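Alright, structures below, take your time with them.
Next come two complexes built around chain A: one with chain B, the other with chain C.
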Partner chain A sequence: MNTLAESSTVQSRESVKMKSPEKEALIAAHQREFTKTIGEIASPNPRIAAREVNVYYGDKHAIQNIGLDIGHNEVIALIGPSGCGKSTFLRCLNRMNDTIPGCRVTGSIRLDGQDIYEGGLDVVPLRAQVGMVFQKPNPFPKSIYENVAYGPKIHGLASTKAELEEIVETSLRRAGLWDEVKDDLAKPGTSLSGGQQQRLCIARTIAVGPEVILMDEPCSALDPIATAKIEQLIDELRELYTIAIVTHSMQQAARVSQRTAYFHLGRLIEVGETAQIFTNPRHPLTEDYITGRFG
Partner chain B sequence: MKQITEGHVLRRYDGELRELHYKVLEMGTLVLTQVRGALGALKSGDTELAARVIDDDDRVDDLEVEADTEVVALFARRCPKGSDLRLVMALSKAITDLERVGDEAVKIASSVERLYAVRGDRPSEVSLNEVLALADTVVRRFESSLRLVDSWDAEDAQRFIAGQREIADKFHRVLAEMLDNGGDEAGGPGFAVNLVLILKALERVASHAENLAEYVIYQAMGLVLRHHAV
Partner chain C sequence: MNSEVSQVLSKRNLDIVNASLKRRHAAESRFRLYGLLSIGAGILMLVILLGSIFGKGYRAFSQTYIGLDVHFDPAVIDPEGLRNPEALAGADYNALLKRSLGELFPEVTDRQEKRALNRLVSGGAAYSVRDEVLAHPELLGGTSRLWVSAGPDVDMLEKGYVDRDAAEAERIMKDRELGWVDKLKADGRLERRFNVKFFTAGDSRDPEQAGIWGALMGSLYTVLVTLVLSLPIGVAAAIYLEEFAPRNRWVDFIEVNINNLAAVPSIVFGLLGLAVFINFFGVPRSSPLVGGLVLTLMTLPVIIIAARSALKSVPPSIREAAMGIGASPMQTVFHHVVPLAMPGMLTGAIIGMSRALGESAPLLMIGMVAFIVDIPHSIFDPATVLPVQVYLWADSPERGFVERTSAAILVLLAFLILMNGTAVYLRRRFERRW
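Right, the complex of A and B next:
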């Protein structure tokens, strides 16, 4: 036993000593193979194409080598246990992570072919192109009208009052809120119910003409009826936008998405058609998570 | 092939899946007893035994309704996914097949009653022996298919399905021989017709057994084999 232990120690010392760029490349290649995502990460018609994305919070390697396309008019659900990196990945897609001190992102993320991490790229229009809806509805402490009109105003999307009014109405209609608020546009956004506030936030996102809408657990603060309304809305919005949604509710992922991506400990384990992921996942970790065997 | 090794975080869910599985196995055991009883009655001419087989069908029907209720509750409350979803689907389909096997046993028992009740006569030994030999094979296969639903062993299920061609050939052979001898039956054409009905019922039992093996493969691998010729 001793001899074996000694020899393995010697061997490991030897390999450390012999470490070379070639060896490092070999190890990296092995790790890439070992951590390869199961399923097709590519989309025939990608709006967003992420490749070898890594995120570090200081020393912590939060997400590792994530590659994933998100197609036009597609809803993709990002699922996984807390801390798996799904929200971190979502926040990479409109550079929200830039605001976190000590956060570093490597790899490439392309929106319609344009690398969004390219030097000199202005993140303000990017965040209009790739809008975000958060867990808790966060309307501005202003009127319903102003909540929706604010974005188009600062982005200069309307040159006349009539144009602005049209944007506000269209956005509220698309968010399925117009009929409920059309007579109360001057009321404060915060006077609405939780579900209405969330739809107001979606209208606000839509108002600046996005291509992609990111949603980070958009229904976790809502009751089942308000949740159903948002889910119906997501299905309608898919006609016009690409949507990525982070959700802890597997039922919700199964209901609203066409593709599902399962994250675990910073890795993208498996991605596939939603029906396949929920009936016959290929990776045991996905299986354990979706069947409720994994805490 | 994935094996279910760990329980759910929600342990009651495990209990519910186990309970449904046991109910299906209980149904299978009862149906197997029915098939054996019907064939025993055919061999011995015991029409009382045949009548008991027919009576037992009520219990099978009750179990079917109970098991179906559990399936509906599982879908409603647990929204099963992945291997659990396939398990519940496989069990749900197995319930239907088992209930139909019970019906086939009743059909055999009814034919036995008709064969023996009228004149207390016996069909010709030659045809009867042919049917009984085939019946032995069918019962063995049905038993094996129930073991598959117990073990969920997909490799055994594949071997089982591979054996289906042989049994289909046997049916055709026995049927052809019976058609050749049909008019010469000691009891006249009535006997021949009842024996053909029994043969047909046995063929259905073998086919349901094959379905059970296919559900085992579906559960383990997510592969749908229905409507593919062996």
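Right, the complex of A and C next:
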């Protein structure tokens, strides 16, 4: 089965070179069949529904025919070896890929039923709805207060200073950072420790009032204690937000998520309840990965 | 056995490493020596340059003055007795000075000798007397001691440029004149004072009347025009090219051209300015406005290139952070990227402005090399700039201009240091960590 999957990649690479439309349609149909995801991609109450998503970086076909729902108030973990396309897929969900030159996205991604790749859709409100936390903590080189207040300010979410202060406080409280920084909100955000910086970034994302939070390996630059704090935070935030998290740590995926999606070489191999994926994977590639045979 | 092999191997490796250590250390100390030598050579050149400029120039900051008892004779100054300022300004003050000198040296009667005697006092001294009278009309009728600039020869003698031991025929000052000067000195009528005129006057044909103020103001206005035009245009162009422009062949073409323009000889910009700004648009010739426009053309590529590299060096994570919470591209750029790139942009602007301030070749083309006595009061007045003033004085035959050339260079350097110091201070204030 393993070799089968690899031979299909070889095939798809060769097939890119042939360009006639009929052939392309044939190949696309073949790939759809061949890359069928194991497990239930649909969710009974989806917030985000992605179907047949393909991403190309120039000639490179980075992710192929991915369909996945992300439900309300769930944490979905995207796992897989490096270069499998999980971050690319995540960045499609708030169109952060737009900034990459040569990147092209096809297929449909719906947020609450609205196609976010529809022509004429403004990415500004989209990104306010779908916030993002990055791999490396990236606070603005400004004060802690300014970091959190910036989003609400540019979106005009607070009409008075008191309201803004309230938003900042709630966001920092939700990010579990308030008690640590309440006395020095004027200190630069970059002076905090790595874990605190990452929580500041989460607070900054929350401050805009998003529905979905995308996290791209949020703990990869942090020590175990800071990681534990962030994981606990993710669990608490689930009540209010839908969260998609890309992670390299399978333990983390197992700890924080309800569902898990396994990506391999640009394809979504298997989706399922986290418990099921980690105890009883159905696809051999998934099994190999979670048992640590590669990746 | 396996461990034995590895031990032997590691022993051999250690030997090889040790053997190469000496060579590596030698290479390092050699490189340090080269570095020290280069820095030493650079510092030596700088010391020689500054030493020679200062050595030649410091004397220009003092000037010899002669104290004369001037009788403000109403018959000469104000024959009509109306105290009319226009009439007062037009009077023959030279006659008063001649009379005072004549009273000091009554033995001089010969026409030619008298002329030589009058040359002890600067040709521009009459203007100082006029200014004194215009400022204090109550002096009229009385006599008071006025200190007026000495002539160029007396000044040179006082500053030690005249060899008293040389044969009389080879000296610019004859024995007779030396005698007069010595008598003046003995009477306490000869003094070297701080040369205020050098810092307050415009250019002049007489070295003792020539000042740097006109060129300084010209430079100030020119650099101001350059700054006001090139900084916003350059930064806006850089921001557009770096942050908003699509990546295509046109943008590549523009980029190549900007890089080329940065290397175009400045005189070409001068010719362009002459053809476009003066001949086509009719901007006043010799004015700081046209100078500033030409220097803007010259400075723009430097500022654009520096600003672009400053923008490029802003970490992409900052852009992502701003975009991630829904900032529009414009907000991302102006709230986050530009403030972080500001120090780098300012550095580029400093380099550009310093080049503009020190530039003379393009300004020769647009008439800023003209002999201009008046001090410019706006960007439309004819003016010259410091480097061109240096060029003009360096070209003058009078001995007094040699020291003034060096002094003008010192003033130019001081202006540069002041400007760069301000810019460095501003850059420090904008600098932030991320």
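Everything below uses one rule, namely that the second predicted complex is superposed on the first by the 264 of 295 C-alpha atoms of A that agree within 3 Å, B and C clash if a C-alpha of one lies under 4 Å from a C-alpha of the other, contacts with A are read in each partner's own complex, and residues count from 1 in each chain.
The rule is simple: contacts are C-beta pairs under 8 Å (C-beta built on N, C-alpha and C of every residue); 3 or more make two chains touch, one makes a residue touch a chain.
Source: prediction; values computed, not measured.
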Request  = Return first, second, both or neither, reflecting whether A:269 touches chain B, chain C, both chains, or no partner chain.
outcome  = neither
Request  = Return first, second, both or neither, reflecting whether A:290 touches chain B, chain C, both chains, or no partner chain.
outcome  = first
Message = Going by the contact rule set out at the top, does A:278 touch chain B (first), chain C (second), both, or neither?
response = first
Request  = Using the touch definition from the top, say if A:94 reaches chain B (first), chain C (second), both or neither.
outcome  = second
Message = Quick one: is A:213 in contact with chain B, with chain C, with both, or with neither? Answer first, second, both or neither.
response = neither
Ask   = Counting only touches as set out at the top, which of chain B and chain C does A:204 meet: first, second, both, neither?
value = second
Request  = Tell me which partner A:155 touches in the superposition: chain B (first), chain C (second), both or neither.
outcome  = second
Ask   = Regarding the shared-chain residue A:128, is it in contact with chain B (first), chain C (second), both, or neither?
value = second
Message = Tell me which partner touches more residues of chain A in the superposed arrangement, chain B or chain C.
response = C
Note = Residues on chain A touched by both chain B and chain C none
Message = Touching residues of chain B toward chain A in the complex: what are they?
response = 2, 6-10, 13, 79-86, 222
Query = Which of the residues in chain C end up touching chain A in this complex?
reply = 247, 315, 317-328, 331, 335-336, 340, 432-434
Remark   = Counting only contacts in the complex, chain A reaches chain B at residues 250-251, 254, 278-281, 284, 286-288, 290-295
Note = Counting only contacts in the complex, chain A reaches chain C at residues 94, 96, 99, 101, 123-128, 131-134, 136, 138-141, 150-151, 154-155, 188, 190, 201, 204-205, 207-208
